[in-house]
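Two complexes follow with chain A in common, the first pairing it with chain B and the second with chain C.
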Partner chain A sequence: MEPSHASRTLRDIVAVLVVAIFMFPILWWGLNSIKPYSAIFDKDGPVYLDFEPTLDNYRVTMMGVSRVELAIQDGGGTYGAGGASSYDSRQTILDSIIVSVGSTIISVFLATLAAYALSRMAMRGKQHFIFWVLSQRFMPPIAIVIPLLFMFRDMGLRDTHFGLILAHVLINLPLAVLLLKSFFDDVPKDVDEAAMIDGATRWQSFRRVVLPMVRGGVAATAVLCFIFSWTEFMLSLYLTTSIRTLPVKITTFVTSTGTEWGFITALGTTAILPAFVFILLVQRHLVRGLTLGSLKE
Partner chain B sequence: MASVTISDVSKSFGTVEVIHGLSLDIPDGKFVVLLGPSGCGKSTLLRMIAGLETATKGDIAIADTVVNTVHPKDRNIAMVFQNYALYAHMTVFDNMAFSMDLRGTPKAEMKEKVDWAASILNLTDYLDRYPRQLSGGQRQRVAMGRAIVRDPAVFLFDEPLSNLDAKLRVQMRTEIKELHQKLKTTTVYVTHDQIEAMTMADHIVIMRDGVIEQEGRPLDIYDGPDNLFVAGFIGSPGMNMLNGTVERMDGTPIVRMTDEIALPLPENAGAKDGQAVVYGIRPEHLEPRPDTGTLAATTQVVEPTGPENHVYASLGGVEVCAITRDRIEFKPEAPVRLTPDLERVHLFDADTGMVIRHG
Partner chain C sequence: MSDIATVAAATERRFRMPRFLSSEHPFPWLLPLISMLIVFGIYPLLYAFWMSLHQRNRIKRVDEFVWFKNWGTAFGDDRVWNAFQVTMTYTLSALVIQLALGLAIAMLLDSDRKGYGILRGLMTLPLVVPPAVAGMMFLLMEDGSFGVLSHYLYAFGLLSPERPILATGSTALMGVLLADIWQWTPFMVLIMLAGLRALPKEPFEAAAIDGANSWQMFRRLTLPMLSKVIAVAVLIRGVDLFRIFDYVYVMTSGGPGTVTETMSAYAGRIFMTGNFPYAATLALLTLLIIFVVANIFIQVFKVRF
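Take a look at the complex of A and B:
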């Protein structure tokens, strides 16, 4: 039965409300990033739209203007409370992109091969192995971060992009493997066999038949790995000092003399963008049911 | 083209043996159907021919070459799977061209071959589509197209029609048969549908529990089943089976079913007096009449199919089916008389289930 007009309207209103509740913090975040300092902290209560928009916060985080310069332009004194720490975040964004993209590529590459093998090849004790893989994810990262720190130091991996990439791969791999395995499992074995009879070697059937059919799964896995790496805080904090990823960098905006909400929100808003672009790039592969039509369902 | 020879092949999965020392000769160019109930090992046998399973024991030869250790891709066979197993991310054209592409066939030749297959299979208008955009029957034809472009030595079909609706199944049945008559490629076709087997096969192999129960030309098997299993499996409605003991009545042999019912036998019946037997008679060899005939029974259900009347009757408490082409009105729950065609009576030993041939 078609829902009546009234109930449909009600449903729409509820939907809009729910979306609004979830969107508000993000909106507020973005809004704060373009407020002048005085509008972020107003003694008369929150300022919603009654302020003069400014890109000052972005000029500091994204263009390398120092906050002292800003304060001078502003007539001195009023601009902020923080000390003289560096708010220029251009290198941070670059570091974050290198680490996230790098760890995503390596994770997805390794996970795809592992998942294919786990899905298609007979192996003694496979169930135990799968459980072991999953159990790696049960382990809280805090438990391994100190040993990892020592190992990385001895291997010269501490404070390198590659080291952090490796650490993120380590955390991402178990879930990525299991997720992809479930996608491979969805592709019927008959399809491999048909390819084999058509004259394909195992590699050809993987490369040209099975892998394209799990494209959606690979994309989904890539998104998950990327988001994890993009937002990961603890490993990045311990394993690097000069390389700063976004989550770590943002915490440095909380200083002994005050919290730079303007810069935090500006950098936070900027940080959403690359993630957004990445997801946009892979989302056209995120179609479900790619195996549709391979079988008579 | 090639013959296929299976010599004393066994197959075990773990400790369970599912094919037991089976031997079979498939001559070049023949259409052979493997028929049997679910789980009897038809697919397993077919997959061993394809090289998707390895035989635990015995040899499989294609074109007189033992292929036990040959990779499927080097066996020059083509297979159509029950669920088609199409490449969902490729167009119909690419699905069919894939095998040639792997072999590095020149583009022009590839296109020529695919166009040829598409025209045979009525797929010319669909070459740019993806499998998900096709109907079940069209997908089935793509799966066949993928097989025929290869020009293989042997075609293997694993229940290719079981997912189609009844009408399409009949149509595809004819198309596959025509295709075989055109290409004359050795074909092994698996099904559990006896009508499919009867209509398509040059040669039927009936399997049960990993062994061959009987093989032969379809009508030879229909007319002369070797045992009760084959007799019951082939034919629809199935053969009537009546239990009794061989006796003599006024000097002629009969099968005593109950005190009142004596089933007539031909003079040359091969059974010994006193032997417990199963009396088998196909419905079309049991003539129903309202008034005259050998055996008295009571009708239960009457099914006019158009060309025939199917009369289900109770004979001594056993339900039997009798068929006549005459337009006679049978009333349900009324007396009816049934006359078996003596020449067409099958006798089976009740203990072994094996046929007792007439002398």
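Take a look at the complex of A and C:
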């Protein structure tokens, strides 16, 4: 039973419409980031395209132009609503990159070794061990924040990049270990057995034979770890005060005197764009990643 | 025996390491992971538990050991019960809506025709928006005076400007849910699509020959064959929903009153007041609930990793 031409067209229209609805919040967000102040807060109704696009919001968040300078350029009017908070976010972007890259490297390193062993070697209680790793994923971040705060104080890691990196490693490990295990599982066991019969040690057969075969899987895992660290909120919010990652910095633009939607949307767009680029790189492994390796596409 | 072999054998004897330290044994492979999980996973939890058995004495400025007093307080705390109910309502409604929408959209987008690949790719974008930013997106759209969503809700008479969606008790949780639904329905779509694409064709052809209509095929074939996929999706999403914090913190901070205050949000609020032992108790209580329910779910539905 072939669907008719009309029903096909109807389906196309509905499909495009549904996807458009899901894209709307992102487009609206991006649109607001290039709106002048008055167009964002128009109470007569939403402003779609009837405004002069401006990069002022990006100049404040990304280039360190102060809000006062903009107001003077504007001809003495006030620009924005907030008080004297700092909107220059260049340090924030750097902090975010340091934390995400650092935690990704450590997570992938620890997870690759462990995943190989879990995929290849016989051991007692393996399922229990895997479940223990998985159960880290169940932990509400708040349960770990409180003790970590005190531990970091005693270890001298309070308010440091390294402390936050370690916390992000902890939440990324279950994903990294289970996902990499599923990639190692895809490589037939004969491969390293053949290498070992030829005289290679475990380590050599891992390093020279199996690891090169799962290169794509390691890359996909790294990208996902990066994204989850990049978007993480609660640990960064509570564990550090002088180091601000992007999602936390954005929420500080909500002040008691007003919400700086212009700067928020500009910095938010800056935070989203790298994630969009990265997600396109791992489209193929996304389902596997989001289900910690239990479903394959 | 040749000289070389003798030397090699002697060297080997001298430098032989215990077997569990060689690369043939899983121990050295797992050691870095295990140490990391013990130091930053197990130890903090024990530490949190130890904290939950104490109480701050403000006068003497010391933490006194009070056994399970905080736990007793938690069970008698109306706000904990409120937070539990809010979290359950949030989790269950989000799960049902996201599952239904996700399955529907997945079936809609499951086509090999031109352009559908792009649509499926676009659908994944909301997933990588930082949740705090997604919360802000909806805060902007749901703003009582200039929000675009509020504007149309007012225009269609679904809400009135005197009762903004996030500032009104009866609609605030729905307002927060919208952000969650927007961000995580694509997760369901993606997983369901993977499930749909893996379905065998033959049973459907056979059913079509037998004269089954599309609803019967969906009910008797598609749904049962997707059950494993659905179980995994419900487990992962359910856990994340139950520890929900970001949207609530960004959009309502638990208000108005406590109508959107989830378990994590309440624990976070107590944490900010400086009552660490009680915050630790609430956090552990949340963890305990998740752990028990997730464990049962994994056993019953035989989810494998």
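Note that in this section the second predicted complex is superposed on the first by the 254 of 297 C-alpha atoms of A that agree within 3 Å, B and C clash if a C-alpha of one lies under 4 Å from a C-alpha of the other, contacts with A are read in each partner's own complex, and residues count from 1 in each chain.
The rule is simple: contacts are C-beta pairs under 8 Å (C-beta built on N, C-alpha and C of every residue); 3 or more make two chains touch, one makes a residue touch a chain.
The structure displayed is predicted, hence computed values, not measured ones.
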item: Which superposed partner A:Thr201 touches (first chain B, second chain C, both, neither); value: both
item: Which of chain B and chain C A:Asp190 touches, first, second, both or neither; value: first
item: First (chain B), second (chain C), both or neither touched by A:Ile227; value: second
item: First (chain B), second (chain C), both or neither touched by A:Val209; value: first
item: Which of chain B and chain C A:Val248 touches, first, second, both or neither; value: second
item: Contacts of A:Phe278 with chain B and chain C, given as first, second, both or neither; value: second
item: Per-residue contact with chain A, leading partner among chain C and chain B; value: C
item: Partner chain in contact with A:Asn57 - chain B first, chain C second, else both or neither; value: neither
item: Residues of chain A that lie at the interface with chain B and also at the interface with chain C; value: 201, 290-296
item: Complex interface listing, chain C residues touching chain A; value: 22-26, 29-30, 32-33, 36-37, 40-41, 43-45, 47-48, 51, 105, 108-109, 111, 113, 115-116, 119, 121-134, 136-138, 140-141, 145-146, 148, 151, 182, 185-187, 190-191, 193-195, 197, 208, 229, 232-233, 236, 239, 242-243, 245-246, 249-250, 263-264, 267-268, 271, 276, 279-280, 282-284, 286-287, 290-291, 294, 298, 303-305
item: Sites on chain A touched by chain C in the complex; value: 1, 8, 11-12, 14-16, 18-19, 22-23, 25-26, 28-29, 32, 40-43, 45-46, 109-111, 113-114, 116-118, 121, 123, 129-148, 150-151, 166-167, 169-170, 173, 177-178, 181, 201-203, 206, 227, 230-234, 237-238, 246-248, 250-251, 261, 264-265, 268, 271-272, 275-276, 278-280, 283, 286-287, 290-297
item: Interface residues, chain B side, partner chain A - complex; value: 50, 52, 71-73, 77-79, 81-89, 98-99, 102-103, 130-134, 136, 139-140, 146, 150, 163
item: Complex contacts: residues of chain A adjacent to chain B; value: 188, 190-191, 193-201, 204, 208-209, 212-213, 215, 290-296
